[in-house]
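One chain, chain A, appears in both complexes that follow, with chain B as partner in the first and chain C in the second.
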Partner chain A sequence: MSTKKDSNSSSDKVYHDPLEEKTPTDTSTEENSQSRLADFKEHSKKYLWNIGKALLPFASLFLLLEIAMLIVHAVNPDISDNLFPIPHELVAYAWRAFFPGKDSFEPSVALHIGRSFARVAIGFAIGVVSGILIGILMGISKWFYRLLNPLFSLMISIPTLAWVPILLTIFGLNPTTIVITVFLGCFFPIVYSTTNGIRSIDKKLIWAARIMGANKFEIFFDVLLPGSLVSIIAGLRLAIGYSWRAIVGAEMLVALTDVKGIGYYIIGGKVANQTAQILVGIFLIALCGLLLDAVLMKPLEYFTLRRWGMVEKTEG
Partner chain B sequence: MTVQKPPVKEEGLTEENTSRPNRFLLFWEYSKKDLMSVVYTILAVGLFLSIWELLGYYNVLKEPQFFRPSVIFAQTWVLTKSGEIFIHIFSSLARLLISFSLAAIFGLLIGLLMGRYKAVKAFFDPLVTFFIPIPGIAWAPLIFVWVGVEPLFSRWGLIDSTSWWWKFGLGNPVLIIIGTIAGIFPVIQNINMAVRTADKKLIWAAQTMGASNNYIFRKVLLPNSLPFLFTGFKLGLARSWRTIIATEFLSAAMEGLGYFIFFNRTLETRLTRINIYVGIFVLSVVFYVIELGLKYLERITIEKYGMVRKGGESL
Partner chain C sequence: MSEEKSNKIKIKAIDVRKEFKEGKRKVIALDNLNLKIEEGEFAVIVGPSGCGKSTFLYMIAGFENVTEGKILLDNIPVDKPGNNRGFVFQEFALFPWRTVEGNIRMPLDIAGNLEEAEIKAKVQEFIELVGLEGFEHAYPHTLSGGMKQRVGLARALVYDPDVLLLDEPFGALDAQTRKLMQQELIRIWQKVSSLGKKKTVVFITHSVIEAVYLADKVYVMSARPGHIKAIIDIDIPRPRSYTSDEFIHKREEVLKYLEEEVLIAAQQNREGLHPD
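Up next is the complex of A and B:
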């Protein structure tokens, strides 16, 4: 084993193509597979340990609140359960919110989340396409930059939700308003990061490509686009967070009509004085925000940037 | 034969060297980029506004939804002259000031404790990671239900709702609490980052040279973490501001820019529809001024330590 490790560590110093590393040639030997199994076990143990460590504060908070609430309810029985729910009741409430019985009038939370995700998907897709196009135009053309940059830098200082009143007067109380709010929330960061990514590319690279006889399309696809990809994807990652934040607020402000959605669900909790509903909604918002980042953005970053060799392989 | 030496030119005494450089030319050379960017900004905004004005004049963008910029500016001037808009601006700003100072104090405290004690860090790190993606406005219904919209202390008869500090938004606990919650997370996150990126070798170097803890804190740790602190404060301030405005949409507070905008939305007359645009225009101007102030602060605090390179070097 020790010799194996030594040989590994010595070979680390030699440069390896990252694509080549993924297809090791000697997978057939038993020793190697065993060591890889041990590696996998160690990794998964570490991973599980990290997850456990991350869950510990939530568990302790849960216990603390449980005890505190039990004491409060024991001392003062007048306090309503609706206003200050006990944590274990919250869990039961979350279960009922996801799987309401047949006799319940209210739809499942899953429906609300699905509606919100659909709106985010539409708004974000429009924002990505138009934002990257306009960002590239602003990055390439000097006059586009001079024309649009002042306007965008003024507009970026308006909170996204402040657009909602204007949109309400134009489109009325309906889901279109929400989708366009999401679009406005993610449009500006995407434009900004794309433009910055293209403008911060070293001019010498472009000159070098030009000297070697590249035409404009080649320069764009082989120099500008790969060079600005890190910035663009960082912008996308920011933007999806922004659009997820925007949708909650937008749905809360449009909640006078029966648009579904997670913001609508939360505001419903306020109207009904159901704290449990609000808390479940808040937890779901946080979970979905983390999920969007982990499922959509991290793999995107991994596959594009790692494949194109823009980011070094990180340790651990 | 003697070798003739070439005549030595005496420096500093000739006519060319004594003449001073043209100051205006120097100034122009030095700040050409900034001045031209200002000119382009004015041109671009002017072009945008004039196109909008023309489209409005020829009824492409029609009245009930869109208004010409001249109409909006005229209404802004009316509201400024009567002083009606200032009470909204100042009450929003007062809420921002209080809630953000609370967020900065508690954020600093929690962040420093997290940097000092491992147990505190292990407790708060997952919580912060979990709660950061929640928009501040999502907390609003919860705080509304728990705290209620009635003014602070009013139930004990300490204030009436016509007193000046109620007018300036200080009596509304909901908005302040929500602004604090929104602003605290970026502060904590950035202090964490500052602690994590602090270079241990610098501290060791200072220690070997016999520096006291106090000296190390002042001369090594503080300048090192100042940029992170500033980024955290900037992000936190922006988030507090956005959240307070958005919560004023929802709440029944009688003052504040968000209240001004949303109250005008509910009354569907021509004047109130113009007022929505006025509110959003004022909103962007106010935040733009805040950002300018922050940039100035950054220059006098961080660039003094040489931690951030001075601007104007990009492309």
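Up next is the complex of A and C:
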């Protein structure tokens, strides 16, 4: 026996007391996971539609800029096309940037963004593992909290890029410096959100586990960890953004041809007075951020917090 | 139903005092609290809000410590929580990441002395007992308040504790559901007491009707600092009617003791709002 689920309201549905009204529901786990998959598919479809809706303002912006730039160039024909590119030329420029052809001296921008992506991945991964571990220690131990919290509260307000000159002195002009900058950028928000997540768990949930006879180990894995996931996921989201901020700055400061990276590419656009190059770089970063959110954070959130009703349903 | 009287004392509070700090002020929540609850008794504690009745229950559970005095459970002082007691919270305190089944089986998983098949059977038995068949795989956020508390009850009873502690368990429910849950609680209590160990119940409420409907004995607590002001035996046979003469008579009796305390508590609250 299974109820035909109304796709729009299936997860908002609140069952009534069984003695007042019997509401049959799917009992087999298979059916359950199938409907969950259908739910997810439905959700993805909605998600794509929302991306479409989100792109709409960009289309109007594109059109507006196109007209504005055409007017600018018509009024003053001496203005350089390089400094004030016309939007539709940007598209052609982006194509050439990706596929420069065999006779070009410049490598494809894909190489730059690829390098940056790999560095973000490494720095972020190290930041997640160490940040969550230390965040947990600070969340469960008063002593760790007292020891580290004042220091970390101080560190979280320091812009990551302020460390780069010191890192350059220690590690030199190389990718290590960049990866460590990314790590520093995401480490502190992850520690902060993990610690806060654990410290703000409802005391009564811990009591409920304790009266069942749960030991510290069981309380940690059954209560503290899942209970702090809302905060941890929010921290990870923030950390991804900080990672990209950090990497662009670090790569601009390192700025070596053989180190490459999207930051290097963007600052190169400034050096060559190519505004189009800068804009293509910025657009690629935005795309990467969107991609990471869509393939990493959204599914993570969907299969945990949304399923458990721990976050409000939001559009988009 | 027939009730056999046993005079074994299950829970005993001796000169219990509880102080805590509220900002700079030292507050005496409980003072000179003495009480004895017999094995198998359904004890209901009523009192004005802020009289420390929940704090007292937390101390029986072992969530909080007594400042002075002793709380004895089977003649042993309570010092920490443990699975000889079950606890039902006002705001349910279900684990949102576990399904109905997952919540109910958690104490059995922790105890770790049953085979998987035994756990499954036990959980199913309790799901049926509280009337949640068909909702095994639902997550708590999809349930109504009454159903959440059914899960809370099953979770507190599934490991067959001697003592069931309930902290205003139906306070968050609407009036109809509340009445229904009172009847359900009596049914479930009688059923589990006949199947497993005899359950001693300590139930906290500020509703006099609820107290008289449920209790073997109603303990009226005073305004802060809280102590037991009166004990009223409710010897009305179950199932009880809310409208019978004897019910109304008992209700008036409890109310008589409680009303004075409510006035004192209200006075205290006014003073608290305007210090000096």
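As a working rule, the second predicted complex is superposed on the first by the 247 of 316 C-alpha atoms of A that agree within 3 Å, B and C clash if a C-alpha of one lies under 4 Å from a C-alpha of the other, contacts with A are read in each partner's own complex, and residues count from 1 in each chain.
Keep this in mind: contacts are C-beta pairs under 8 Å (C-beta built on N, C-alpha and C of every residue); 3 or more make two chains touch, one makes a residue touch a chain.
Just so it is clear, the model here is predicted, and its values are computed rather than measured.
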item	value
Touching partner for A:107 - first (chain B), second (chain C), both, neither	neither
Touching partner for A:52 - first (chain B), second (chain C), both, neither	neither
First (chain B), second (chain C), both or neither touched by A:166	first
Which superposed partner A:299 touches (first chain B, second chain C, both, neither)	neither
More chain A residues in contact [chain B versus chain C]	B
Partner chain(s) touched by A:222 [first = chain B, second = chain C, both, neither]	second
Which superposed partner A:285 touches (first chain B, second chain C, both, neither)	first
Partner chain in contact with A:83 - chain B first, chain C second, else both or neither	first
Chain A residues contacted in one complex by chain B, in the other by chain C	none
Touch list for chain B against partner chain A, complex	40-41, 43-45, 47-48, 64-66, 122-127, 129-131, 133-135, 137-142, 144-146, 241-242, 245-246, 249-250, 258, 261-262, 264-265, 273, 276-277, 279-280, 283-284, 287-288, 291, 314-315
In the complex with chain A, residue positions of chain C that touch it	58, 61-63, 80-83, 85-87, 89, 91, 93, 95-97, 106-107, 110-111, 131-144, 146-147, 155, 159, 177, 180, 184
Chain A residues within the chain B interface of the complex	53-58, 60-61, 83-84, 146-151, 154-155, 157-166, 168-170, 199-200, 203, 241, 244-246, 248-249, 252-253, 263, 266-267, 269-270, 273, 275, 278-279, 281-282, 285-286, 289-290, 293
Footprint of chain C on chain A - complex, ascending	11, 13-20, 22-27, 29, 32, 202, 204-205, 207-214, 218, 222-223, 226-227, 229, 304, 307-310
